[in-house]
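Pasting in a structure now, in structure tokens, and then I'll have a few things to ask.
The letters A, B, C and D name the chains in turn, as written, and every chain counts its residues from 1.
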Amino acid sequence: MKNRIKLVGLVLVCLLVLPLLLACAKAPSATPAATEKVITVGYLNDLSGAISCCGIADQVGLKNYLQYIQDEKRIPGVKFDVVSWDDRYDVSRVAAGYRYLLDKGVNLIVTMAVHQSETMRPMAVADKMLILGYNTSELNIADPIWCFTQQPLTENANASFFNWVTQNWDYQKTGRKPVVAEINWDNSMGKAGAKGAEAYCKSLPDKLDWKGTIVVPPGTMDFSQPALQLNQWGCDYVFSTMVNGPTTNLMKEKNARGYKFQVCTGGWGFVCFKQSKDVGGKDIDGLYWISAEGWHTDGTAGLKLADTICRRYNSASDIEKLGYLENICYNFGLVFGMEVEFLVKGAISAGLDPTNSEVLRGQATKMKIDPQGLYPPMTWSNAKGSGVDKLRMYQIKLVNGVPEPALITDWFDVTKYKK
Amino acid sequence: MAMIPGDFSQSYERDIAIFRTKTQWVVMVIGLAIMLTFPLFMSNYWLSLFNFIFVTVIAVLGLHLVTGLCGQISLGQSALMCVGAYTVGVLSVKFGISVWACLPLAGLVTGLIGMIFGAPALRVKEFYLAMSTLAAQFIIVWVVSHLEEWTGGQLGMYVPPATIGGFSSASPSNLFYIGFILTIVMIAVAKNIQRTRVGRAFIAIRDNDIAAEVMGINLFRYKLLAFFIGCFFAGIAGWMWAMYLQNINPSQFTLKESLWMLGMVIVGGMGSTTGAVMGAVFVRGLDMIADYASAWAGTVFPTIGEQAFTAFSLIIFGLVIVIFLIYEPRGLYHRWELFKASYRLHPYAY
Amino acid sequence: MLNVNNIEVMFHGSILVLSGVSLQVADKQMVALLGANGAGKTTTLKAIAGMLHVEDGKVTHGSIEFDGRRIEKLTVEEIARLGIALAMEGRPILEHLNAEENLLVGSYIKREGANIKKDLDMVYGYFPRLKDLRKNTGGYLSGGEQQMLVVGRCLMMHPKLMLLDEPSLGLSPLLMREVFDIVDRIHREEGTAFLIVEQNAMLALAFTEYGYVMENGKVVLDGVSEKLRANEDVREFYLGLSEVGNKKSYREVKHYKRRKRWL
Amino acid sequence: MDKIISLIILGVMVGGIYSLIALGFVFIYKSSKILNLAHGQFLMFFAYVTYTLISQAHLPFVAAVIIVLVLSALVGVFVERFTIRPLMGQSILATIIMTFALGFIVEGIVILISKGYYASLPAFLPTGMWKLGAINISHQYLAILVLTLLLFAACMWFYQGSRAGLAMRAVAEDHITTASTGISVAQTFRLSWVIACLLAVISGLLLSSLYDVHIDLAGYGIAKGLPVILLGGLESMGGALVGGLIVGLAEMFGAGYIDPLVGGGFREVVPFILMVLILMVKPYGIFGLVKIERV
């Protein structure tokens, strides 16, 4: 008895002391071969929580693309390594994740949602760490900029959707304005989307009949009341700034009750075809992909490349089971990979050290990116540049099982509607 | 508390003293001095981990006073931290009050709000009380996220760092010193509350509140006081949290965190200040170790897939807590006491 | 039937509570176990009923036999199924269950469904008051009613041996008498053996056939109840009488005598 | 008017689902005074396993459900034996934290199985609806409501009318006293965990016929289950039913009428505000057992 107590006590003390011992040990640093530089990319996103359908495909895309660069020797002498952290869509885990990635010696961090980059921003500024985000808020891209964005501000994305509605609504034939509304998660993404949509729709009272935003807590499963409300409003179009999971629940509810409104999701509300198909079958209402100026100018080419890379690095059963090809987020992951490629290439061609986060940030703010024939030359949106305000929109349709984007709205400058 | 055989406490003061021997003092001072040198050689990673642990320790100490000492189960500690954090944010950003001045204010405001949610404690007991504090968790976060003009709502707000001259809490090493001092002060306060009249009244209420009332303890007053003090701690922790992240967002304060804080009190050992500190350090440390262990496990079994990381980290974390509770349901502190006792008595069995 | 053979009980692996306790209860016999507070009476009962492990205690020496079977290692419910029913001290009724459900809990180990009704009637026969209170919540019954309920619940088990721990605790003298009368009736009519722990030695000895006196974890005296009642020391310490009928002032009790005599 | 009636109907239907979730909590609480914080995870786990059996092993739905029911009974036995029984006699809070940690393990296992992906079970309940003017009643919700009521009736009968139920109530009151009457406490515990796991399977399946199965289901179980049982009273099945309906209705009306005024999300806090108000008047929930205190 006595010995057991002692033993357990010792083990406990050891457990408590272990962090201290670990602290004294050197942080594990990757030892690159003499000629090779290793760029460690930190990936912080949701891999198992509410938006996992996006995070997983995105991560696979990023990894595949970096592997592709390496295999094709597009940047000689540079190896890539990806370290991931799963934040389970829980903001309280983001700070821990940031620390973890930093400890793993990452050179830059790729992330997704706005709350993730926002939480990391003060620390990133202090540590001089470059963050590539997917979408952003105005607060996030205030000076000093350490967070860069791939996509429009959420509010702009939503505004551009309603812009599309005004362009395509047949006012003569119907003899009325389209009735529109939004349904959002009660979090940063949802609130930003609602703000943009409301500002836009209210600026065009003669073109849109804006009914308002329904806010549901993240994690909500039951959409019976929101669906009923949307139906009672008599909505024609409903834009959902929720990721695909909850949106499919809303669509299930809508289809089960035979409501008439059309649910559309897009912008950075992800396009996870696989799940939508599982739920809605052929009745997928509308999946829209809204991109900022400078990125995805030709979505078709991007999807074609995604097809090649995906088939090269993933087994057919995985592609089928997890539906990477049917998930636009896979494509977004590729774009992150391209961003990394552009930054590193730029740094090397300027004769700078690509493992230095500050150098990469410098490249991000001013570099011309070599498109390699995929994308036309463009500049990194200097945060408040046109990139986040000027948008175009594609509609994604499945053609023979392969998603094909069709351009439906060309450049649309959201700033025009802002006061 | 077991002492060296033959050495007895001969006065009441000595019996309730925190440090009863000179050795304890010396060990304590040396330990603290060593901790103070951490920023000299540790990386920012470890320092900010410590800062995170400081936040947790302060909040858990508050919960320890409410739940461990006074027996009022509270599931809203994380939300009350939210109140503290937003008090700093709103007062410093909207009203231009110095961040330092916000430190006591955060505690006071949180304490007062905590009293509102603690008020049902007079009528409501046990789990039902837990639920009125659970309501606090949801209501506070909802209110904060809807006072958009002040708090920025779900978009969150940035909080300026605390500065004196050139000293700014923005760097993890400076924040480490602030957090360190704050934690020591809060531990001392908690430990001393426990030793006073108030602390003894709390314990009486925990053990049998009807009997305590009969003995002349004003239940309402003391229960409210317990909530005030506990939430004051949460407010201080909230201040520290705001300094630690500098970006506060209502969704950072989750129910899961609140539940874990209760878990830390249990894992540490109910009713002991040292236990509360041990529990906070243990659970946070374990969380981190589980992450590292699962990253390793992920490289050993790469075929499992990308989610092995999360899955293993959850499983390892849960498993250690489960096994720990099976073998020591009375908490770390109890085990620590047994260990000390058997160590002192070595080589004699009894 | 029950043979407690020189048992030693230790708590927390270090605190010796009983040492060398031996007692026997024969078939259909009524036995009293007397002693001062802390003498180890309740612990003895708990050892027999297998409840020591709850308080981190165990029988470290000696044996307990029931119907020729060693039972000191069995669990509480196994012992209960052998036919030993323990009515613990402090009237442990199940508070939120009503009186009848409390009784039904006692019949749980019996498999035949039809007899339960008969058993209930039997218990109501002994305790007519319970029949009126049968839908009342147990926790709100009065002390005497709760005691009846406990005894009734044990009765539902049809035990061969019933262990009663302080059935008279906190009851008025009148109720005390009533409880003992009923116990006596049960003993006569059902043929149940009883081992009764009691502070009220006079009452207990009046109803039982044999008695044991415990002190400091040992059985110090035993004998036929009649003789014990006549025993000078028992009279002095437990009955508070020096001569028949005359009350004795406690001030005159010589405490050393106890030590001299019994150790 | 249509709106009110629609909201009432929705409230009752959704409330039925909440009651269904709460039933699992109440069952464990009634027999062992433990608040099983892992119930949400169990719901999700069994739904996932069913999905995996159907989609990966290509089993027919009924076979998959039978396998999962058997599995859940084993899980119940296992959980009781290795996590709950060692803590018998210890602080209840320790046991609750234990179930909380258990939830983490179950969540981890689910992530291992699901790899973070959503699952959608095939529809096994009647689809379609009745239209009464602007109001419509979905067959699926109705079927779930009916099944919930049947499940409640079965559980109530089990508790009030069966011998095992009586044993469970006795064990909940006092382990030692109950053991001294020959009832095996361990067996009773095991039975109650097995039944709770079976309930988790049934409610998990019913929930996943309405919604996608994913990690959020666990949190949903806790967030909706707890206010319901506290409103109704922790020990009362009838309370869980009534509490579920109250929460469902309150949420619907909160969302329908108050949300537009305060900017959304009010639905989430309505049950908690209601809960605090009701607890002030009835400290042990609407139908909860009042603690009998004698000093």
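Everything below uses one rule, namely that a residue touches a chain if its C-beta (ideal position, glycine included) is under 8 Å from a C-beta of that chain, and two chains touch if they have at least 3 such contacts.
Note that this is a predicted model, so its numbers are computed, not measured.
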Shortest chain-hopping distance from chain A out to chain C: 2
Excluding chain D, groups that stay connected where the other chains sit: A, B | C
Chain whose mean Cα position lies farthest from chain A: C
Separation of mean Cα positions, chain D and chain A [Å, integer]: 35
Separation of chain B from chain C, taking each centre as the mean of its C-alpha atoms, in whole Å: 49
Inter-chain centre distance, chain B versus chain D - centres from mean C-alpha coordinates, in Å: 31
Sequence positions of chain C contacting 2 or more other chains: none
Numbers and ranges of chain D residues touching at least 2 other chains: 111, 115-116, 223, 263, 265, 268
Residue list for chain B, restricted to those that touch at least two other chains: 145, 306-307, 310-311
Which chain pairs touch, all of them: A-B, A-D, B-D, C-D
Chain D residues within the chain C interface of the complex: 89, 163, 166-167, 169-170, 173-174, 176-185, 235, 289, 292, 294
Of chain B, residues touching chain A in the complex: 38, 42-46, 48-49, 52, 145, 152-156, 158, 170-172, 244-247, 249, 251-254, 256-257, 278, 281-282, 285-289, 291-292, 306-307, 309-311, 327-328, 332, 335-336, 338-339, 342-343, 349
For the chain D and chain B complex, residues of the former touching the latter: 35, 37, 82-83, 86-87, 90-91, 93-94, 97-98, 100-109, 111-112, 114-116, 222-223, 226-227, 230, 234, 262-263, 265-266, 268-269, 272-273, 275-276, 279-280, 283-285, 288, 291, 293, 295
Chain A residues within the chain D interface of the complex: 47-50, 52-53, 55-56, 88, 186, 212-222, 224-226, 228-229, 232, 244-245, 248-249, 252, 256-258, 275, 278-279, 322
Parts of chain D lying in touch with chain A, wherever the complex brings them together: 2-3, 6-7, 10, 13-14, 17, 111, 115-118, 120, 127, 129, 134, 136, 138, 140-141, 207, 210-212, 214-217, 219-220, 223, 251-252, 255-256, 259-260, 263-265, 267-268
